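So, here's a batch of structures to check.
Next come two complexes built around chain A: one with chain B, the other with chain C.
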Partner chain A sequence: MESLLVFNSLNILYEVFSLLLVALGLGIIFGLLRVMNMAHGEFISLGAFTAVSCQMAGLSYWVAFPATLVVCGSIGFLLERFLIRQLYNRPFDTLVATWGLSILLRKLLELGFGKGYQSLELPLSGSVSIWGTGYPAYRLLLMGFIVILVGGLTLWYNRSSAAMRVKAMIGNPELAESVGLNTQRLACLTFICGVCCAGLAGTLLAPLYSVYPAMGLDYLLRSFFILVIGGVGNLWGLFTGAAIIGGLQSGLAVLVNQTAGYFAVLIVAIIFLWRNPDGIFHRA
Partner chain B sequence: MVFFIARNLGLLAVLWTLPVLIGDYNTYQLGLYLLYAVAAVGVAVCWGQVGFLPLGQSVFFGLGAYISGWSLRAFGESWEVWPLLSLAVIVPALSAWLIGWLVFQGKKESGPYFSLITLALSMLAFQLATSWNSITGGFNGLSGIPEFGGLDSFGSLYYLIAFCLVLALAGSSWLLQAPLGTLWRAISQNEPRLVFLGYSTGTLKALAFGYSGALAGLGGMFYAPHQGLVTPDLCGFILAAELVVWTAVGGRKSLLGPVSGVVLVGLLTSELRDVFAYWEVLVALLFIGVVLYLPNGLSGIFKPLSGLKKTKISPEIAIPARSSVSANGGLSLLFDNVSSQIGTVHILNKLSFHIKTAGIYCMIGPNGAGKTSSFNVLSGELPLSDGTIQINGQPLKLAQHRLSALGISRKFQFPSIFPELTLREHLSIPLWSNQAKAHQYLDHRLHRWRSQVLSSLLIQFPFLSNQHNLASALSHGERQILELVMTLIAEPKLLLLDEPCAGLSPQETKHVIETIREITQENNLTVIIIEHDMQLVRELAEHLFVLHQGNLLAEGNVLEIQNNEQVKAVYAGGSKT
Partner chain C sequence: MKNENNLNRRNFLLSTMAASTALATGTSLLNPASAAGSLKIGLMIPLSGPAGLFGPSSKNCAELAAETINNRGGIMGRPVELVFADAGVPPAEATKTAIRLMLSERVDAIIGMHDSAVRAAVIGALKAKIPYVYTPVYEGGECAKNTYVVGETPPQQLAPVIPWLAQNKGVNKWYMIGNDYNWPRLSNEAAKSYIASVGGKVVGEQYLPFDVNNFDANIAQIKDSGANGVLITLVGGASVGFNRSFAGFGLADSVYRLGTLIEENTLLGIGAENSKNLFSSAGYFGNINTLENQNFVQRFQEKFGAKAPVLNTLGQSCYQGVLLLEAMAKRAGQWDKAKLAATAEGTTFDSPRGTVTLRNRHVDTNVYLAEANGVSFEVVKTFPNIGSGATCS
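So, the complex of A and B:
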């Protein structure tokens, strides 16, 4: 009984952490830059397929991390430069154009890899015993990595002068520019950072979930729901949103079944979108 | 009218002769895409005209298809199938209307959140259709759906589908030319302005969404017998996304745009997808390109001017003045200890004043004194934290769009108009607002209404007589005057003017002042003007209120205010004690 409790709690914790990871990139791009990025899911796919490519090429899984950073960084740069830059402050067009982008990336992935499922070997098999309960080692490693990534980003966002410039740009772009900040470059770097976070999420989660070209949509919706429920622009919101969605999903999955969990998440998200789209932790 | 009938009959003739040219199989495929086109027309009405983007239109398409498939399977060709089939249109329409009503009520924007809600609804509908086995047949769907009224889906059903599409196009274009269509376009241009002219925009948007739901349901209704199979995919996001892509590429601003988009992109994709691997990538690139550089889609290239604006105006219909308002004298307005606070910022601080009789009142005070804010509290833009506002002794607690019915009109500080609407439409909208009954918004004769006030204002300001001109072509001063005229046409009892003469030339200013004075006297109107120009204040005001730091500093006539020591101190930059 006790081992089941430990196992289930670890599962819920894992669910929440992985959702946090999934939403992080969108939290940066939508939360900070206010770009309603419908291609977020495909950025995650990019990371996952980079990992698949590395495996196909016979390389170690760990090579996928720098590879993802390179792939997502360069794609993010090109996209910001040639697409997103024209769309700041045009919310509808952003939504529709990034939707088009998501179709484009999906079709390109289909062309390159086929529509089917790809499988990826677990880079770290075996399990670790926690209070007498065995738990998959890779999941633990993943949780550790997420703590480091999110913690590092938070620390950076609260302390560094670069983050201060980003905040200044978000608060008042004209004023930021007039005191000598290169907002265009800052926005571009922020966007690239968001794409890379999404890509890393894909790379990290790829060994655990099915990888296929249309996988992005589910991630996109979950990320949006998390941001909408938690509120954009701060980490607490992101964490609360992930906790609510993850808790609801895995809690109901344990109590009833997977479908019930999915229904509950959709309904809660719709209610939030409708009644309180600014979320629980609203940035004033 | 003749042109309208001829155009639609012509389109029908073209669609009906196509099968001869393209053969049975292609006709069958074309029939399928014409069904999608019916739904895409609904997307274009919502997105291109009213300005909100439905991302889950497949929900209603699927709903119609399931109802139709289920009824046909259950009743085949017996008579019961007909009332049930009509539900395939009615149920999607009502559900769309209800969703729209719930989401849009009390909001003055159509931001992306609505789109995300509809997207989430399509996910929900897909999941529901997949898991509700007993009704929907689960993942495998409803199969073996019989033909519709004995019409062969590879032959005669096509003619009915083509007829329905033409009907949908004709109906939509008729609706868009009705006053309702004018209001829909006004929403996409400037929703807050429309609210202050007395329209519940949430209700109007829900109507548009309900209409689009009906069209999607109609498409779905024929889909079931045409394909003989209904699966959960129909409710899902892929169809919803494709409807948006087709509409965008074809052109959301016109009605034929989405049809051409569906046929060009949709049909070609189904033909070329397997032959030419890069086709779908090209479509995605085309879509992005259209969003970035061609907001009106491919049809925007060929048709820079819409046919709607050329309608010529037939003899006008004179309507009487607004009855409830013109009968008796002005309106009394009481601000009793009104405070407004956001967070820790006190915007108004126990502001009290009382206006009992008709006349021109001016509100002056340094920047940040709370002049515009007091208007905003009255019209519900700012929260009323404490105190009461009374109109004719009744505490004010109303939705914003009801203020106009009460006789309150407001002109904003910066001219707030509908850039892409004609001057005629600008003048009609306030005229209808308190005089037309709900059903009359479908009556095209409303476009010819003219009231006494409108006639005299047209004489005062001749530039308004170029009725087909777009408001975007006006100068700043003309826009100010246009907005003022709009508030006057509503025949209010209490008129709130926020710096009505800002940016006007001296001649225009003089003209505006005369008009305001004249109309005030003729109609027993109460006018409150916020003004910085003391010259103007001296000419106009019968009574002055001086505001300072969210509170009333002094009131009285011009002479009294000029000699008031406290006012002098405040204007010289000091504080009041």
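So, the complex of A and C:
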């Protein structure tokens, strides 16, 4: 019984961490740049399919990380330059444009890989015993990696001068430009960073889930729920949102059933949209 | 400069000619008058949506069936002509599609490979005016007039298989997991009686919304329940995700899995390292070791080449559907819906699945139990001529 408690707790922790990872890219693109990125799920798919391509080419799974950064970095750069840049401060237009983009990316993935499911081999098999409960080693590694990634980003966002410039650009673009900041370049780098985070999430999660061209849709809705609840433009909000959504979904799935968990997430998201659309942590 | 212009004009003329030729060909395909005497069959298959993965194999299997039949003289001397339409749509749209096929395309029959909600819509739209063949795996119970079913029902997939697993693998404590709609629920209802009849018991039963992609809570329950068998009626990506997690948590070594819709594509997604002790029960697998199937697979690969879609029970069911119409027409002696209905009972034909016989507007057919070996299936047991359990009069 005790081992079941440990097992379920680890599972809930894992769910919260993986949701945090999934929402991170959207947190940057929607949270900082106010681009309603409906293609967020497809950026995740790009990372997953990069890993699949590496496996097909006989390369090690770990090669997929630099490969994802290259793929997502260059796609992010091109998209920002030729699509998104024209649409800043027009939230609804960004929604429509990225929605179209998501369809295009899905169809391109179908064209390249077919509609079927891909299977990515687990890069680290076996399990580790934690208080007498065996837990998959790769999941533990993943959780560790998420802590490092999110911790690193938090430190960077709070301490570095580059992050200060980003904050200045978001707070008051005109003023930032007048004091000599290249806001266009900053926005471009921020966007690329968001695409790369989403791609990395895909690369990291691909060995655990089903990989197919339409997989992104699964992740988009969850990411938006997290931002709705936690609030945008703030890593604490992202963490709180992931904890509430992940905790509710997995906690109720254990205590009642999966339908109850899913239902509760929808209810909470609706209540937040209705009573507190800015979320718990809202950047002033 | 002048040359360039000429070239452009020539290109323009060429492309216009090509376009008008294409248009003319397109029209002749659509216009019933120009293909007088042919027997038109409307195929409603998923070309988009979540089941879109099965579109290419469904289409190709139907095309191969039409070619096979036309090579032996068509149906009652009329060459078979196929019209494809997307059934991966909401029921309201499927109603319109069925009416369009019947009234403007003037099809003589409709074959459908889609979900049950669309089936209800199609039956409502056709009002029994033309024969309708429903082909995929489904929950059973359809007895509408002029409607014929060639897909597997829960009694076929489970009645022989659950006792076999009890006897040969000692599976007697079942955990049931499925997506939350009528097919999984009715399949599990049927399964419970077969489990009870061999002295087994059900230790858990869970239905999940389609959007769930984290199965940890269920895996904890399975571990805790002491189940030694899991009956899986999750579909598509959910089935892939569940099976990957299940094996990831190390349960595959000690707990057997049986799926009633784990076909070849799903197995590819599950992956070789996660498919140990995974069984699948169906009326068709791409590598059934019968002469008819070997011929079928060979012709399929010759016709559609190296990039041919993966054969699976859903796609192949369209082939069965076309063959059923041919056999029914032969038995009736003419293409008339009332005559077809009157003589339908007992219609029999040879197919890649084996010999199939129409009873109660469903089919008696072979059921194959396959075990996953890496990412391919190996049939471990064939249950011949299993009845559908249908009671249509």
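In this section, the second predicted complex is superposed on the first by the 284 of 284 C-alpha atoms of A that agree within 3 Å, B and C clash if a C-alpha of one lies under 4 Å from a C-alpha of the other, contacts with A are read in each partner's own complex, and residues count from 1 in each chain.
Keep in mind that, in the parts below, a residue touches a chain if its C-beta (ideal position, glycine included) is under 8 Å from a C-beta of that chain, and two chains touch if they have at least 3 such contacts.
The model shown is predicted, which means the values in this text are computed figures rather than measured ones.
A.B. asks: Clash or fit: how do chain B and chain C relate after the overlay on chain A?
C.D. replies: clash
A.B. asks: I'd like to know which partner A:I267 touches here: chain B for first, chain C for second, both or neither.
C.D. replies: Touch partner of A:I267: chain B, not chain C.
A.B. asks: A:L104 in the overlay: touching chain B, chain C, both, or neither? Say first, second, both or neither.
C.D. replies: A:L104 contacts chain B only, not chain C.
A.B. asks: Going by the contact rule set out at the top, does A:S53 touch chain B (first), chain C (second), both, or neither?
C.D. replies: Neither partner.
A.B. asks: On the A-aligned overlay, A:G116 touches which partner chain: chain B = first, chain C = second, or both, or neither?
C.D. replies: A:G116 contacts chain C only, not chain B.
A.B. asks: Is A:Q184 in contact with chain B, with chain C, with both, or with neither (first, second, both, neither)?
C.D. replies: Neither partner.
A.B. asks: Please work out whether A:L221 is in contact with chain B alone, chain C alone, both, or neither, and reply first, second, both or neither.
C.D. replies: After superposition on chain A, A:L221 lies in contact with both partners, chain B and chain C.
A.B. asks: Could you tell me if A:T259 is touching chain B, chain C, both of them or neither one (first, second, both, neither)?
C.D. replies: Once the two structures are laid over each other on A, A:T259 reaches both partners.
A.B. asks: If you lay the two complexes on top of each other, which residues of chain A touch chain B in one and chain C in the other?
C.D. replies: Correct list for chain A: 221, 259, 262.
A.B. asks: Given the complex with chain A, which residues does chain C contribute to the contact?
C.D. replies: Its residues touching chain A are 50, 52-53, 55-56, 180, 206-209, 211-214, 216-218, 220, 223-224, 237, 240-241, 244-245, 248-250, 265-266, 268-274, 310, 375.
A.B. asks: Which residues, counting only chain B, touch chain A once they are in their complex?
C.D. replies: Within the complex, chain B contacts chain A at residues 53, 102-103, 111-113, 115-117, 119-121, 123-124, 127, 131, 237, 241, 244-245, 248, 277-278, 280-281, 283-285, 287-288, 291-292, 295, 343.
A.B. asks: Spell out the part of chain A that touches chain C in their complex, as residue ranges.
C.D. replies: 4, 7-8, 11, 14-15, 115-122, 125, 127, 134, 136, 138-139, 208-212, 214-215, 218, 221, 249-250, 253-254, 257-259, 261-262
A.B. asks: What residues of chain A sit close enough to touch chain B in their complex?
C.D. replies: Residue positions touching the partner: 36, 83, 86-87, 91-93, 95-97, 99-101, 103-104, 107-108, 111, 217, 221, 224-225, 228, 259, 262-263, 266-267, 269-270, 273-274, 277, 284.
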